[in-house]
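The same chain A turns up in both complexes below, where it pairs with chain B and then with chain C.
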Partner chain A sequence: MGGLRGVRRIYAAFFLGLFGFLLWAGEFERLKGFEVGLFLQLDPLTALGGFLTSHTLYKGLALALLILIPTLFLGRFFCSWICPLGIVNQVLSHIFHRRRAVESWEENRYRPVYRVKYYLLVVLLVFAGLGSLQTGLLDPIALIYRSFTLSLLPAVDRAGGGGWFALPAVFHGGVLIGGVLLAILLANRLITRFWCRALCPLGALLGWCAQWSLWRIRRDVDRCNQCKQCLRACQGAADPDGALRHTECHLCMNCIEACGTQALHYGLAGSRSSIGRPLDLNRRRVVEVALAAVVAVPMTRSTLSPRSTPTPEVIRPPGSLPEAQFLARCIKCGLCMRVCPTNVLQPALLEAGFEGLWTPLLMNAVGYCEHHCVLCGQVCPTAAIRPLSVAEKVGAPPFTKPVRLGTAFFDRGRCLPWAMDVPCIVCEETCPTSPKAIWYETVAITSRDGRKVTLKRPFVQPELCIGCGICENKCPVTDLAAIRVSSVGESRSGDNRMLLNQQSGWIEGTIDTGLG
Partner chain B sequence: MAGIRGATRQESVGVGRARVGLLALLPLIAWGVYWEGQRYDPGLLDFKNAAARLSPLVALFPERAEGLARLGETRRFDRESLHEYVNGHAEFFISAGFKELVVGEYGLPQEASRPKVVVDLYDMGKPLFAFGVLTGEGGDGGPEAGVGEMGFAESRGLRFISGPYYVKMTAFDEGAPLKAMGQALVKAMGQAGVAKAQGFRFPEFGKPLATRFIKENYRGLDFFDQVVERSFQRGDQTIQAFQVMGSEARNLELESKLLAFLKGEEIPVERLEKEGLVLFQVQDPYEGEWFFLRTQEQVIGAFGIPLDAAWTPLKEFVNRGQTQHDEPRS
Partner chain C sequence: MARRSTTNPVLETEPLLSRRAFLGRAAGLTGVAAGLAVGGYVVYSDQPIRQGAVQVARFKDFRVAPDPLRPVMAVVRGTRVEAMVQESVGKLGGVARFIQRGDRVLLKPNVGWDRQPEQAANTGPELVEAMVRICREAGAASVWVTDVSLNDPRRCFARSGIEAATVAGGGQVRLPGRDDFVATEMGGKVLKVWPVARFFHEVDKVINLPIVKHHSLSGCTLAMKNWYGVIGGQRNRLHQSIHDSIVDLAAAVRPTLTVMDATRVLKRNGPTGGNPADVAREETIIASLDEVALDSFCLSFLDLAPEAVPFLALAEARGLGKVAWRDLNVVRSQVG
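== the complex of A and B ==
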């Protein structure tokens, strides 16, 4: 078994395999009931961030306590034993590691720059405290889910390693998302586990919790001969040969295995154990960073965004909370986009403002919202997309109204029957509502060459339209459809409505999120 | 104190147990993930509404028929998804009362990718609506199918109605046993097919040419619905007769609306009483002279034939009574 390092390696292989399996199972044809968001549910930063923004802890996120509480006693085990990004970083660091001993010592020494992750954590938590959930941008679990789903797996599919998606998937700005992950992975070439040591806010949170741990790596000062073999093997820059910074220690157990004098052990303190270093954090800097974050939050909101003004292209998935609440819960993990059977869900760039970066939007040019599909809400780990039943979505009894994502509008200048006297009723035929939201009027006209042409000119009945976007997606005017959906009339908003509808009284009134 | 390396023998045993305990956790986690994965609602993943999944029509499709085996599961389409199967033609069915379509494919089991016969079973809700799509899809021409209550054979196909069902069978090989399969399907309908299609009799104005059903807006009139229209050849003239079957109250309402419309359009209407029958003769500047009358069971009328010429067959028709139904095609 090879000691605890051997167990750690088995755990790492298991959880990396589990991560891969859940990614594979996230495709809707394989989904069944698998908890594809398990790693996100185990993620304490997701739970804490969501708690600060929404003041609730959504069901599965309680699993994060399984990580948080043991960390208080055992130390930062998550980073090398469970975290997929940490494990990948560790493997790559090992592969990239071609340094001489003296270089390894220097490289593995603790550096002040590694405090940055704590400052990033402070920024993210202040943002969350002020209602802006941005933890998902840097949270390693959300980051790796997003990167694999929106960039790496589609790339693998295109390169011929198909089977990850039922249909060839494309994602808006996927290359940027993949580029971030690539940069993180390549950074291991320069400094071992650079991301984990310097930038990872989840690691910072766990490091902060680990400062009180009873069980930790201990060094027997009598046995230690300062050979620095432990330092050479250290993955976390924890200075095992000297200061023993247990807040930085990932519990990879490499140092124990590397020690030739058995001076290191993992456990409770002995009479000859060295004293560890406390958390290396400058309180003044923490206050400065927190103040900067306090200023930054309103700045990010001072731009045009759906939070302030309804934006036509920001059409959220069915069951999404009102925009402010949605942004307070969405961690940009991309699970909803992974499971979407039509690929309509796409990561936003700046369409939804800075706060909405990489949150899910419907882009009907790519796909459409399948009428009887509610999978995005079923897999959302934070309930930014509320889990709907099919009956609730389509408005079947006992529900009286369907969930509306927006409203379709005709562009008569591009519509074939309206502008070109060409018969076409594709939008009317594909409209899934009953009765159909698109209807047509039959007209007989004389064309330019004198032919008698009978046309069916389509119209939208807005109170029946659910904004699913299938009409836009199937419209034969392919580059810019002749019928397009905008967000107006969406169920989740009490404000984003047409004045006419407010007067006619089919406004739905108070939005009940069902989440308390 | 306790240490993983350099520990006492007793402590090493404890640490070893801890390792075993840690490793034992992994299969438990794997089992938990698997167990959770098997607990789900399949309905969330097939994107069809529950009504379509529970369709009783599926039971009408036998596993084997006339030496052919059903290839795979039947496919079901409802109003929302019909366009996936008959893209470009869905509105025709939906506007005619369509409720549901079940499609089954039959062929040799060893050639599962090459069906020999495809059976489309449309539930139109009412026999009249089924009749409407039968006549509307291809007219009432072609040889009699000899299956169901009415139907037509085509070069490689068969279309017929039975009760509220419209069945369309398409063969991909010569000599496919369409008629026998159709009869088996009608037999399988059993009680479902008991509701006979309404027979439609018309006065014998001439040689029948075609019959069709118009679900709504007959001749552009939004109150004139569910009309059966039959065209006749009489000499070199084409006559179009229509009738609406309904309750006495509904017929009375239709007559009132028709008269009100004609009055509103300032089209002359003359009320005639002839041998105990009340008729309305219309001098229509657009349609020419036409007439209509109301009985207890129907409203009937005709375009393109003078009342004098129509009187004898009309009188015979009324006297024969509405309980005696003949075949839709004579």
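== the complex of A and C ==
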């Protein structure tokens, strides 16, 4: 150890530790003001994608400039020094390292397939430019956050490594999400940092910025005796033994330590420094890929989705923007699902269309929206879920209306007092509004066996219902509740309404703040 | 083991087995075969699922010996809750009658909802703090405070102020986690074996700290109904026979003492409330050894008659107490 590689390892350990700590601190009891979304805010791809869809750089996302600007000067330092996925890949690649020199030379040479990440970046940016934010699917920070939160940590928790969640958390399709990460990690067995070299769109963005970097790995051509020890150690497939591909170099600094003749250094060019190699990208291919993406966007839009047609099960968290703006901001990171105390927030599969994959939905079979909770909006790094105050959410002064997520409907064929002459009204008991949105009529009936039964039969008063879903969650008809919330009446939409008196003076693209 | 073949595998022949090697291999295989046969015999079952013996716990009887010379119920009006609690417990014979030095005490307030004290959906934190302190001063080794909440328990305990009150009084909050329930024999008419928070089986004394609230189905939530917060499982089914369930619970859990919070009373929209306009200040604390009498007494706060609340008569029929509280030794006083 020692030298720049040693310094890099210290940074990597620090940032990986910080990532782990912020994951741990995301449990709602521990939140206490920690910036749990810090890594997402530092992420230039999130910032750029969000800028392209919304033409704003929302609050904490400005931190991404702290990464982007130094990259212009220093190169892709983010990838080996800060990125949790990069660091994990680096550690695994180190463990899987080939012993034999010929094998590692073969493995670490540059391959044209490594251009794929640039094409993926182009596709994601074209999508964003046309209003569809899909960067989160492949953005390493969103990806690792999502995988840990929705799959790996719940698994660890369940296997007895408890303390990550207060309740045993379950997530819709979580194994798919975790499976993607496992595949990425195992790929290191075949090719060192395969994800970072070939697929990572953030790496591509930073590599593109690194084209003009002033500080680089430089090889003194006089000192170098072509032993290729540097290539054996190279994690970036950046050809340190030849003309350095600085767009591919992760600045892991392994090569410097590996060199027996001190021919390599990181810094400005000396009089006998080797040349660098420009970005290996064919302009024609880029244009082709971009055109394909331009066609793909309207294709994803012409499928049935809540964007075109209100969808009952697409119930979004409180404070969510109208669907089009929501999809233009949500990066599918899962932070909202991490902090939700009731586990009601679940990653969508195709419920919200292809664009909505892994965006948050409320599934009231699992939990419900806690009346005075506003955590999801507080942590969402992109304000796809706008931060709400408790007063705004519940409609306390100065607000005049609560935020509605949808409306509850009775299924009288399943409801015990309606269908089976059995007393119940648990739904009414748990309804949190005052006055309660569920009311009942007391009826005296004669049951099949001639008994006189007095029953309270419940009704929903839609003007009062906020769609929180606790009635559905607590209904004793457990598999398919006898009262269920659907999205109609949600505050964020001007179209998904049923009652004339629920109009809100909504104008296209604005948010119903419930004020006045 | 694997030898790298140097000859053409198509022509390679298997080496012949010596007698000794044959006997060795055959003995090994016989051993494995015998192991399989024995193993199969051991795990053979004519049932599809192996049933372990389930341990079913029982509630202790936490009551103290009756004392005919002392009142059964003490009603105290005032504004300083701690003094009111002291006074009411004092009237029943003083805390020393209920708590001995070294006792492990469990307090069961109503902390069902994510609501603030002013909304009167949960027992007031002032009562909890006073009771924790009184138990500590009486020499209790530990004072635990628990409930099985309906909303998220951590939010309920935090926002009700009960977590802070418990700590301030010198007690500990015990939130029942996923592994904290044990199967318990309730021995009731509708409740047979239910999961119960294990803390109830780990203490010497249990004190019930309910609050007076409106409830649409049962009419009211008082002392006996507060035992809903003892059990886990799918307790939303209890509503289908709510009066029998309340009585079953009250028959199963016999507390050392009950101290009712009637300082703030939720008159409407119960049991969740939410609007301060639904709350009336009644400024009363009642300590009682008879939950039926206590619940019957508290009906006046909600303008209910005993006939409107069937669980009272059912409880009396089960021998749990007296509906006609006026026939008992009830004392009233005023502090502050």
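The definition used in the following text is that the second predicted complex is superposed on the first by the 496 of 516 C-alpha atoms of A that agree within 3 Å, B and C clash if a C-alpha of one lies under 4 Å from a C-alpha of the other, contacts with A are read in each partner's own complex, and residues count from 1 in each chain.
Here is the rule we go by: a residue touches a chain if its C-beta (ideal position, glycine included) is under 8 Å from a C-beta of that chain, and two chains touch if they have at least 3 such contacts.
All values derive from a computational prediction rather than experimental measurement.
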Fit or clash between chain C and chain B when superposed on chain A: clash
Partner chain(s) touched by A:E35 [first = chain B, second = chain C, both, neither]: first
Which superposed partner A:S434 touches (first chain B, second chain C, both, neither): both
Partner chain in contact with A:G3 - chain B first, chain C second, else both or neither: first
Which superposed partner A:L18 touches (first chain B, second chain C, both, neither): first
Touched partner set for A:L167, first chain B, second chain C, both or neither: second
Touching partner for A:P341 - first (chain B), second (chain C), both, neither: both
Touched partner set for A:L416, first chain B, second chain C, both or neither: second
First (chain B), second (chain C), both or neither touched by A:V374: first
First, second, both or neither for A:K393, with chain B first and chain C second: neither
Comparison of chain B and chain C by chain A residues contacted: B
Chain A positions touched by chain B in one structure and by chain C in the second: 28-29, 341, 370-373, 425, 428-430, 432-434
Complex contact set, residues of chain A against chain C: 28-29, 166-168, 341-342, 370-373, 416, 422-426, 428-436, 440, 456, 470, 474-476, 478
Residues of chain A defined as touching chain B within the complex: 1, 3-4, 7, 10-11, 14, 18, 21-22, 25, 28-29, 31-35, 38, 218, 220, 223, 253, 256, 259, 262, 264-270, 341, 370-375, 378, 390, 394, 396, 425, 428-430, 432-434
For the chain B and chain A complex, residues of the former touching the latter: 1-7, 19, 22-23, 26, 29-30, 33, 36-40, 43-45, 47-50, 79-81, 83, 87-88, 90-91
Footprint of chain A on chain C - complex, ascending: 113-114, 150-152, 154-155, 159, 177-178, 215-217, 234, 236-237, 239-242, 268-269, 271-275, 278
